[in-house]
C-alpha cells in the first residue's frame, strides 16, 4: 500500500467512508438523520472528486466536484428538509424489517460486488481502480435500501444515494465523464427531485400519508 | 392471356365486386340483383378456365407484392386447377342462390356481407394458386377472417359470437401449425417458395414432423377429430349460403393443402403416415356420422355429416399415402381418384343440402327439426331437389355419392398385395368402418329428409311456408343436375381427373383399354366394373314398363282416404317420430360416444317436460381441461404482480445479481 | 354382348320374377308344416298379387307423389338385383354394369325409398317402421358388404359372375373364411328379409312390426308391387347365398345344356334353402328390437372376421 | 445505383471512413429543426397550452416536426449516414427510420388527442392548467425521444431517456386520481432505478473505451466506439451489457422488469398510452440494440444474443398468460405491448439479416397498430364512460367506425394476415424455426394463448347489443384508419425503398 501516492490513499479512505455511510443509511430509521447521512455522503463524494482532480490534474473534475457540492450537499438536502417540514413527517419512523438481516444481505452484496469489480479493476489504468468495487457496492446497497423502505421519502433518498454511488464510480474508476453528460445527469436529478417533491404533496392529499402501502392497488394476483 | 392470369383476374374481379358492395352498403336490390349474379358469373368463368387448364403444363407467375425477398408466387397446376374448378362451380351456384337469399339485413348491412362474401371467395381462390408459404398463409388467414365475419353476421346472438370466436381461434392455431410445417419443409434453405420446398431434401425425422404439422393444421380447418368442435358451432351460426360455401368449398381447401403437402412438397412418404391418416379419418367419419344421427338442428346435422365426409376424404388420402409408400402408384392413383371425386361430389351435394336448409329456414324461420315436417307439399321444388342431394349424400346408386365410395372400397380391396401383414390386417377393418359409416349416413339422410319434408307439419305456422324464389330454384336445380351427371358419367369425370392423379401419383387411375365412357373399370373389366348409366336406364325402363303393364292389364284407379294407421282414429302430427325419436336407436347403440344430459319429469310435475341434451365428450375431455390449465397458469403468473413496489424492486435487484453472477 | 349372354340374362330375369313368389309360398308352407298348422296353398302369393292388382288403390290424403312412386322404384331396384345375381348362368352382360358393391347399393336404394315412403304419411306406426328398418339396415348392409368382400378377396374381383366362376371351378379346398362368412350371411339375410328372429313377416301386432309397419298405408297395386319386390329380395338373397356357398351347377358362358341343367338344380337348391329358412324361423323366437343390434353386430363381426381369416390363412 | 449506396452504407457502418472527414452537405438545418421545433413548441405551449387554440398549435408543431424528420430522412437515404455538428449527432438508416416513425406517430397522436382531450375536458376530468401541462409535456416528450434517437453520445442518450421518463411521469399522473398517482410513482421509481443501472453500464463502457480513445470525450461517442469495438475489453463490456440491458430493458418493459408498464398505460390519458406503447418502448429498445452492437463486437461469445433471446421469450410467454387475466381494456393492450416488445427483442437477439429485418418491421407495424388501437380504445372508453371491458359492449351497432377500427386493429396486432404484423411474425417464426427450434414451441403457445385471451375480450366489445352513448364531439378516426391502411400495405407490399432501408439498418445491427 505504501506504493500508492498520498492522494490515492486519501481516495481509498473516502471510498471507505462512502461505503460506511451507505451501510449507515441502510440501517437508519429516522428520516432527518437519513437526510444528514445523505448530505455527508455528498460531501465525501465531492471531496474525493476534488482530490482525484488534484491528484491527476484533471481540471474539469473540480467543476464536477463543485457541482456535486452544490447539488448534493446543499440543494437537495435543503429541498428535502423543506419538504419534510411542509409535509411534517419529521418524526416519521420507518418500521424496518429487522436490521441484522438487512445488514447481512448488505455484506453479502458487498462481497459480491468486490468480486465482480476485481477483474475489471485489474485492467484499469487509473491509480484509483480499487475503488470501483466500492462504487458498485454503494449502488447495490442503496438499491437494497430502496427495497427495504416502506415510506416515500426514504425511498427517494435511497434513489439519490444510488446516484451518488454512480457518480463516485464515474469519477474514481474513470477520471470523470464528459462535462456535458455530467451536467445532463445533474439536471435530470434536480428536475426529478422537484417532480418528486410535487408528488409528495399529491400523494399526501390523496392518501394523507406518505406510506407506500397505499400504493398497492394496481395488481394482477389476488 | 394465360389461364393463370385469367384466374388472377377472376380473383381481382371478386375483390372489385366486393368493394363495390362496400361502397353502397344499403342498396339491397342492386347488391342482390346485380353484384351476386355477377360474382356467380365470375365463378362460372373461373371454373371453365380451370377445367380448360387442367391438362396444360403448370404455369407460374410472380406478382410484385409480398415480402421484399419473397414476392407472391402464383402457380396453376392440375391439382390447383381441379380445386379451382370445384370452387368455381359450387361458388357460382351458391352466389346465384345468395342473390335470392340475402333479404333483410339482420346484423350486418348487405353491402358488408357482399364484401366479406366475395373476399372469402377470392381468398379461397388465392389459396389454390399460391405457390409460396407467405402468399399461402396470407390467403389462408384472409379466408379464415372473411368467413369469421360472415359467420358472425347476426352478431347480436351470443351463441353466434361464441361460435365465431371458437372458429377463429381453432383456425388460427391451425394456421400456426401450417406455418411451422412450411418452416420445416424449407429444410434450412430459407427458401419459402414451394419450388424450393420441393427441391429441399429433409433428413431424419423432419419429414414426419412436417407431415404431422400439416395433418394438425389442415385437420383443424377440415374439422378432423379432435379439432372438429368449431364446425358444428360455426356452420349453423352462419347464413345458409355461407355454410354451404364453408362446408362445400372451404373444407376442400384444407384437403387441397393436405394433398399439396403430402404428395407434392414432401417426398419419401412413410407407410405409417398412411396408417395414421387412415385411422384418424375413419374415426372422424364414424364420430361425425353418429353425432349427425343424434342432432335435432338441421344445420348441425349437416355440419356433422360434413365432418363424416371429411373423415372419408382423409381416410382416402391415408390409403393413397400407404400405397405410394409401398411404391404402388396405380393403387395410389385409384385412392386419390376416389378422394378427388368425393371432394367434388361433396361440394355439390352438401352445398345443395345447405342451400335447401336455407330455403326452408327462410320460409319457416325454423331450424330445429322438431318444428318442421310435411314441407314437400308446401315447397315441392326444394323438396324434390333436396331429395336428390339427400340420396347422393346417402351414397346410393346411381348418384354421385356412390361412385366415390365405390372407388374407395375398390381401393381398399387391393391391399392384400401389400408386403406389411399388419397393414393387410388393418385395412379390412378400415373397409368395414367405411361401410358402416356409409350405412349410417343413409340413416342420417332418411332422418334429415323425412323429418323436414315428409309427414305432417309439426307446427301450424308451417302452413304458410312458401317455395323458394327463382334464383334459389335455379341454383338448387343446377347443383342437383350436377349431382346426377357426376353420378352417371364417372368414366368421363375420372378422365378429367387424370392429370391430377398423374401429377400426384405419377400414373392415371384407369389403365388403357379397360372400361370406356359407359363402363367404369379401374383395373380390368373382370376385376370390377360399374356403369351407373345402364343401372339408371334399366331401373327407369323397369319402372315405366311396370307402370304401363299394371295400368294396361289391370287399371290405374286411385281413391284418396284418411290415413289408416291400423285404424287408430286420433292421429295428431305430434305422434310422428321427432328428430330425437328417429335418432334414438343410434343414440342407444353408440351410448358411449355421447355425453347425454337427460331431464326427466316426475309423476307430480304440473307441466311435465322431457328433454335430452347431446354433448360432445371430447369437449369435456380435452378442451375444457386445456382452458382450465391455461387459466391456472395465468393465475400463477398473476401472483408475480402483487402491486408492492418493493417487491418489484426486488425483482430487478435479483435479476441484476443473477445475470451478473452468470456473466462472470 | 353375345346372344347366349342376352338369352341367359333374360331367362334368368324371367325365372327370378316367376319363382320369387313361389319361394315365399314354399317357405310359408314348410313353416306351417313344421309348426303343424294347415299349410296355405303353394300358389297363394300369386293369387294375392293378382287380387291386389285388381283392387282400387287407396292412398292417404296427405300422401306425396314420393309415396306412390316408391313401389315402382323398389320393384325396379329388385329387378336389377335379380339381373345381377348369377342364379342360372354366369354369362350375364348386365352384371358388368353393377358389381357386388353396386348390388348392396341397390338394396340400400330400395330400403331408403321404402323408409321415406313410410314417413311420408306421417303416421305413428309408419315412422316407427321406417326408423326400425333403417336401424336394422345400418348394421346389416355393411355386414353383407363384408361377406361379399370376403368372397371377392378369394376371387380377386368384385363382379359376381367372376366370383362365382372362381368359386365354382376352384380345386376343392376348405375355406374357413367362407364358413364364417356363411354364418354371417345367414344372419344378415334373416334380418334383411324381415324374418324371425329379427322381424316377423306374418305378425299383426303393430308394436313388433318392422317391415309390415312401413306398408300399413299401402294397398292394391302398390302393396302388390312391394310384396312382389320383397319376394324378389328373398329370392335374390337366396341366390347370392347359393352362388357364394354352393355355386356348383351354375352354367358357364355359352353352354346351352348348362343352362337347361341349371334350372332344375336351382329349384332343388331353393327348395332345400327354403326349408332351412323355415326351420330356422320355427326354431328361434323373435327378439326384442334392441337385441337386434347385438344380433347384427355379431353378424358384422363374423363377416369382418371372415375377411381377416381369409387374409391370414387364405391366399 | 443500389449497389453503390449499399457499399457506402457499408463503410459507413465501419465508421472509420468518415471520422472527421467532411461529408457533402450535412443536414444541419433538418436536425436542428427536428430537435428545435418540439422544444420550442413545448416552451410555447407551456405558456399558452390552456388556450383553446393550443391543440391546433400542438398539431402544427408535430406536423412541422414530422416534415423536418421527413426531409432529414430523405437526405440520409440520398447520401448515407453522417455525423452532424461535429460529432454530436449521428444519423444512419437505423435511427433515421425510427426518427421518421416517431415523428409520424407523434403527429397522428396529436391529431387524435385534439378531440379526445376536448371530450375529456367536457367530461370534467381536466382543468385548463392540466391541459397546459399536458400539451407542454407532450412536445417535450417528443423532443427527448428524438434527441435520444439522434445523439451520438451514449451519455446524452441516457440523459434523454431519463428526461423522457420525467416528462411521461407528469403525463401519467395527469388526472391526479389515486390510481394514476400510484402508477406514476411506480413508473418513476422503477424506471429511475432501472435507468440508473443503465448509467452504470454506460460508465463501464466509457471506462473500457477510455484506454483506447482517451478521456477526451470521444470515448462515449457511438461512432468512435463502433470503430474500435473489436478491441474493447470483453469482461468489462459483458458486465456493462448486463447493466445496460437491465436498465434500458426496464423501459422496454421486459419481464420481470415490466411491472410499471401496465399501470402507466392504463392510468394515463390515452394519447399518452399510445405514445408510450408506440414510441417510448421503441426508443428504449433502440438504446439496447445500439449497446448490443458494441458488445457483439467486443465479446466473442454469443452471450448478448442469448440474453436478449431469453428476456424476449420470457416476456412473450409471461405477457401472454397475464393477458388472459385482464379486466381493463387499456391494461390488456399494455400487456400485448410487452408481448410484442418481447418478440422484437427475441428477433434482435437471434440476429442475422432476416431476423433484424423482421425486428425492424415489427417495431414499425407494432407502433402503428398499437397506437391505432389505443386511439380506438380511447374513444370507446369515452363512449362507455369506463375502461372496464365488461361494461363496453356492441360498439359496431352504435358507432361502426370505432367498432371496426378496434376489431381490425386487434386482429392486426394478433398477427392476422394480411396485416403487416403477420409479415414480421412470419419472418421471425420461420427464422426461429430454422435457427432456434427450441424456442418455437414457447412462441407458438404464447401466440395461441394471447390470441384467445385478447380476442375473447375484444369480440363482445365490438359486437352484440350496445350500451354505449354518444360523444359530444366527433371522434378522430382518421388516424386509426391511416395507421391500419399503412399496416395493411406493409403486409401486402413493402415498398422497395423501405425494404432497402430496412436491409441496410439490419446490416448495421449485424
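Here the chain labels run A, B, C and D in written order, and each chain numbers its own residues starting at 1.
Here is the rule we use: contacts are C-beta pairs under 8 Å (C-beta built on N, C-alpha and C of every residue); 3 or more make two chains touch, one makes a residue touch a chain.
Owing to the predicted nature of the structure, the values given are computational and were not obtained by experimental measurement.
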(message) Going by average Cα coordinates, which chain is farthest removed from subunit C?
(response) A
(message) If I rank B-D and A-B by number of C-beta contact pairs, which comes first?
(response) B-D
(request) Round to the nearest whole Å and give the separation of the Cα centres of subunit B and subunit D. (result) 44
(request) With chain centres taken as the means of their Cα atoms, state the distance from subunit A to subunit B in Å. (result) 70
(request) Please work out the Cα centroid separation of subunit C and subunit D, and write it as a whole number of Å. (result) 79
(request) Mind checking the centre-to-centre distance between subunit A and subunit C? Centres are C-alpha means, answer in whole Å. (result) 101
(request) Identify all positions of subunit B at which a residue touches two or more other chains, and write them in rising order. (result) 635, 637-638, 640-641, 645, 649, 656, 660, 664
(request) At least two other chains touched by the same residue of subunit A: list those residues. (result) 116, 119, 143, 146, 155, 215-218, 220
(message) Counting only residues that touch at least two other chains, what does the list for subunit C look like?
(response) none
(message) Touching pairs of chains, all of them, please.
(response) A-B, A-D, B-C, B-D
(request) Report the residues of subunit A in contact with subunit D in the complex, numbered from low to high. (result) 58, 116, 119-120, 123-125, 132, 136, 139, 143, 146, 152, 155, 159, 162-163, 166, 169-170, 173-178, 180-181, 184-185, 187-188, 191-192, 195-196, 199, 202-203, 206-207, 214-218, 220
(request) Note which residues of subunit B are touching subunit A in the complex, please. (result) 635, 637-646, 649-650, 653, 656-657, 660-661, 664
(message) With touch defined as at the start, can you tell me which subunit D residues reach subunit A in the complex?
(response) 153, 155-156, 158-159, 162-163, 166, 169-170, 173, 176, 178-179, 181-186, 188-189, 192-193, 196-197, 199-200, 203-204, 206-208, 210-211, 215, 217, 220, 233, 235-236, 239, 262-263, 266-267, 322, 325
(request) Would you mind writing out the residues of subunit D in touch with subunit B in their complex? (result) 185-186, 189-190, 193-194, 197, 235, 238-239, 242-243, 245-246, 250, 256-257, 259-260, 303, 307, 318, 321-322, 324-325, 354, 394, 396-397, 411, 414, 416-418, 422-423, 426-427, 429-430, 433-434, 440, 444, 447-449, 451-452, 455-456, 459-460, 463-465, 491-494, 496, 499, 502-503
(message) With touch defined as at the start, can you tell me which subunit B residues reach subunit D in the complex?
(response) 64-69, 133-134, 137-142, 145, 152, 155-156, 158, 161, 164-165, 168-169, 172-173, 176, 179-180, 182-184, 186, 188, 190, 192, 630-631, 633-635, 637-638, 640-641, 645, 648-649, 651-652, 655-656, 659-660, 663-664
